[in-house]
């Protein structure tokens, strides 16, 4: 069999390539990590935390949108569910240590996510988006109605409390590093998921569903799992946010929020790991800085402009475009 | 009506045609001529660029350079619908049946571009399956039925130059035979036909000339009367 | 005694709003055979495939796999039982490399497909087998090529390799040589022959030369019903078959002359 | 002493959303007018303004205000409309012991369960609005009421206030509908209100909901069929949008109106020159509160929140905006309110000539008495 | 007087009529969306903004040039439609053939821009528009007072709806449109000027929204934000009807109007949620809407 050495070579080269990419990614992540560790000394921590929370939210969304090909137009529901649950528990059961409150919030979102998934997963394309939107609207009306959310006044004065009952989170730096730790944990998790055997199946489903079925995969189950994980992470983002800002409000449940996370993901680059993070950073920043600058009154039209330009000019998002550029010019 | 006068009339003249899909450069300078009333085939391996050539004529590829003359008119700057209006009928590789229309609507969809096309009756009598299924959704047809529909569709328009891409693909032998007849009839009507085929046995008896496409170039031209002589060469190219 | 048959259908019927696409079909596929399903266009071949793999739900009738009734089993299950199909249009995962395409099929057996915490490297274990499969369809050097960039014929070859990866007991091939140049056709014929060893194959094919070369047994469908069944000689000799399908000069080559289709 | 030698005022309001016209960019003009009129500096220290759009979002606002007070030495935050924003901001100000003067919000909870020692609620809240309008209308014979209530906390509290007042004055609420927020088409609610046969149809909602309800009511001839419309929260801008034709005869309570006397007219003319529109009570309130704030600094020579707030509490307010004004311990600025009626097209001389003041509701009658307060700063 | 669930029959019949009126209104709006999605596969999130533009243009034309209601009824849709063509030509065309989501985001962006700009120019508290004199008042139907204008709304809306449905489902032009959206390149290959067709269709779709806007001007407060809330509801209607099903959009529109109306009578707080509830339920049993073709 004269072929076999050749095959071996090909195989080797493939594995080598994998390893090389692995290394590249590691270096990139390490660099970012250093950046984030140093950040709070240069930039205002609460603002950084806001960015991290939305970055996590976008990463969660992208797991579903970018890597599974399911466009949920209802992710705000999970952000809010997490936020309100955590907020409610922490404000009403003093002594409950913060991480428990956050875990509870995450669980709430997870179950809500499961509910959403079971009701929506069989729907295709735009119908899927619309069912999730509808469900999210119902959740929104529930939050508007119910007393514990404080309606449009919102839920205020949520205590940050102590992490594991010891680390005081009222201190912004402590809070920041806690948020950062959680964020990194989730980011790595998603990174793992995407490259995992499960991730491969998701990829396959996204690219050719009937074929995946004929290869014996029960696609609905895989989608549900993806949806639930995504919802859980979104909920976690909401919980963290409510602790950071010590408030939870209807804005997080409104469909505009579901739209905003799409924008973040798209601007950053859907289907890339770093994209949503960059996207969130970008969007949060312009919104924040514009709203205080001379263009104060024009934030919405400008955001609209960003939508338009992104879709027209660089559809694969900041990160996506960079990757393209690198592939073109550097190999 | 195949007088020399018409025979020498160049209905299609392609020279130095390059075509691109985004980054990938598919056609590398195709030159070919088709006279009125001729039936010319484009043979070649998968991926050689035959379909792309037809698409390029219709201005349906990403980017094109070179020259394409239809009836002596330069068409590089024309929009697809103008080219069609010059009497060019295109039957695409993957049939392009419209799901939102039923068989009958699909059939009557393309506007008449010139007089002298076939009537509905003629077409239905030629493809009885289509008549049976005329009210069912276009894409609910079987693979083969769709193929018939795709062909029948352009016979109506009265186009006098047909670009046919793999019309026998997935058809039962009987139907293939029938298509053979149809093409002969069309030739007799004086139509010009450019035929992209995998099935050499189908193409051979029909064609006046064969062009062999490889890697986006014309690498060989074989007249019908040279077939036996150049058979071996041809087999080499087609890997038969 | 039906268990000598790998696959058996009893009075299989499929209606589309009144139109009967498959009419009372009894198929019996024997262990180890390469069985061809031929017939004029619109005869119901693809529909039969769709019924066997539950991409369509039968209106009436029964489907038995190794004597077990699978009439109401779901697509994915059926695939896992070992009934795997290929599609009339090539079905691959366009933005994965050829290797990854195969691995997706293989990892089904690993039972790790839900474990989202496992590292991707855990799949490298499958590479060797994948390379073998790619090699067997002559795609070894394309292992690391993204599938979109493969020409049509190669896509089909890849699809076949993925199908093989499933270790199917029964393979359903819908026009495996469609739209292929002579060269590719021969390659595929060889492939199917190799693949068929120790397996059973049911295929739809319009290319009679392929059928004559490969198939042990042939069922002819016409207008949804079984017209006749038998080996190539007997079938091709049958005047009705010539009439509705092969045409007069059924030399095994296409393109001979026959009178108009008289099937209605 | 005046911290880092400047008095820095942060102006936070909805610049681009549904509440824009209440305070918005024109509110900043009012603020600038106040500073200019005060002489541009206090105790020789100059006065700076920073401003931001609150996006109607509490977390955007709170990160903005946090940076203002923690990094940019902002001493006082003015404006604020959406109650969620006002409450969020007041919490942050409490943490950092800075001062907030809320002029745009309607929620009476701001100086009730959500009160802090660090903010003042200046212009109005739902309590006197309900109070003034409802009692007046009942006194004039509108005994039986039917309420269209916006179905969220604001609407609910407004509704309960109205019920209390109506019943206290010997009237009764025969029915109430809670409509979703927001609602565009009120026809079916109006229809039910008509069917109820009540004397008065009370609108316990705000903004577009109210204007839509009024438009529909006039279309369906509610007033012709002998029912009275009572809007519980209606701003000059809303009435201006409706026009005298549609809004005529509606009774409402307001904290201020531009055409009450020389003083108000003079100021409003200057405001209109700057902005091209007539000021709402919120605009006037922003102006007045800023003047009061600066005066307090002038008097105490300090811009420390507690000192200033104390000083402001000790000084009765009588200016272009407020008569018999007084800032209570809970931070509520109480002052005379006015019962107004929208003029008929015949009476209205120009597009902004919209109200006639029927009577003055004395400060002490109008706002929620401290005795009923749930505020932590009030000891009862 | 007879009662149903404690609601007087008279009131109920009144509510039904109102429901139908609002339904006709929804029908008109969702029709535009359905046309645009069904034919162009564009998810037009700018539809609400276009509806708003229709109303704004009507008011502004009146204030600036004293253009009366009847003229506006034609002018406003015409202007907005032209604007739509411009948007299609310069923006949407560039993402033709891309995933739905992009058209959604693009139009959403456009909506944000239009709305934001108008807010800065005209504020949010709304512009005044007087009811045209001939529509002042109404008739007493016994069970309710029926303003003439509402009657007119039903007639106008239904006429336009039917006309549109007919053109698209029953004429050759309609067939071109339907086919053109599946494979516009091939349609061009048949000699049809698809790009033009598409621009005009989008223009027509948004013109329908604008027409609804004009109808709305006299009865709702005309503000730059009036579209944003309506949008989502109308979307729900289209989805329930089955995206792209023209007839579906119309029938569902009226149906939803009635359902909403009844909810407003029996349990008002739910009246804005009910549509989404219906949507979830419908899609559970009919995956592509009431009248949608199975994919």
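Just so it is clear, A, B, C, D and E label the chains in written order, and each chain counts residues from 1 on its own.
In this section, a residue touches a chain if its C-beta (ideal position, glycine included) is under 8 Å from a C-beta of that chain, and two chains touch if they have at least 3 such contacts.
Just so it is clear, the model here is predicted, and its values are computed rather than measured.
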Chain labels contacting chain A and also chain E: D
Fewest hops from chain A to chain B - one hop per pair of touching chains: 2
Chain located farthest away, centre of chain C as origin (C-alpha): D
Most distant chain from chain B by Cα centroid: D
Rounded Å distance between chain A and chain C, as computed from the means of their C-alpha atoms: 42
Distance from the mean Cα position of chain C to that of chain B, given in whole angstrom: 30
Mean-CA-position distance for chain D and chain C (Å): 75
Multi-partner residues of chain E (at least 2 other chains): 116, 119-120, 269-270, 272-273
All chain pairs that touch each other: A-C, A-D, A-E, B-C, B-E, D-E
Contacting residues of chain A [partner chain E, same complex]: 71, 119, 122-127, 129-131, 133-135, 137-138, 141, 145, 255, 259, 262-263, 266, 297-308, 310-312, 315
Contacting residues of chain E [partner chain D, same complex]: 8, 10-11, 14-15, 18-19, 21-22, 25, 116, 119-120, 123-128, 130-131, 137-138, 144-145, 147, 149-150, 219-221, 223, 225-226, 229-230, 261, 264-265, 268-273
Contact set on chain B toward chain E in their complex: 58, 60, 79-85, 90, 92, 96, 98-101, 105-106, 109-111, 113, 154, 157
Of all residues in chain E, those that touch chain A in their complex: 43, 91, 94-95, 98, 100-102, 105-106, 108-113, 115-117, 119-120, 232, 235-236, 239, 243, 269-270, 272-273, 276-277, 279-280, 283-284, 287-289, 295
Complex contacts: residues of chain D adjacent to chain E: 16-21, 24, 151, 177-180, 182-185, 187-189, 191-192, 194-195, 207-208, 211-212, 215-216, 219-221, 225, 235, 237-238, 240-243, 245-246
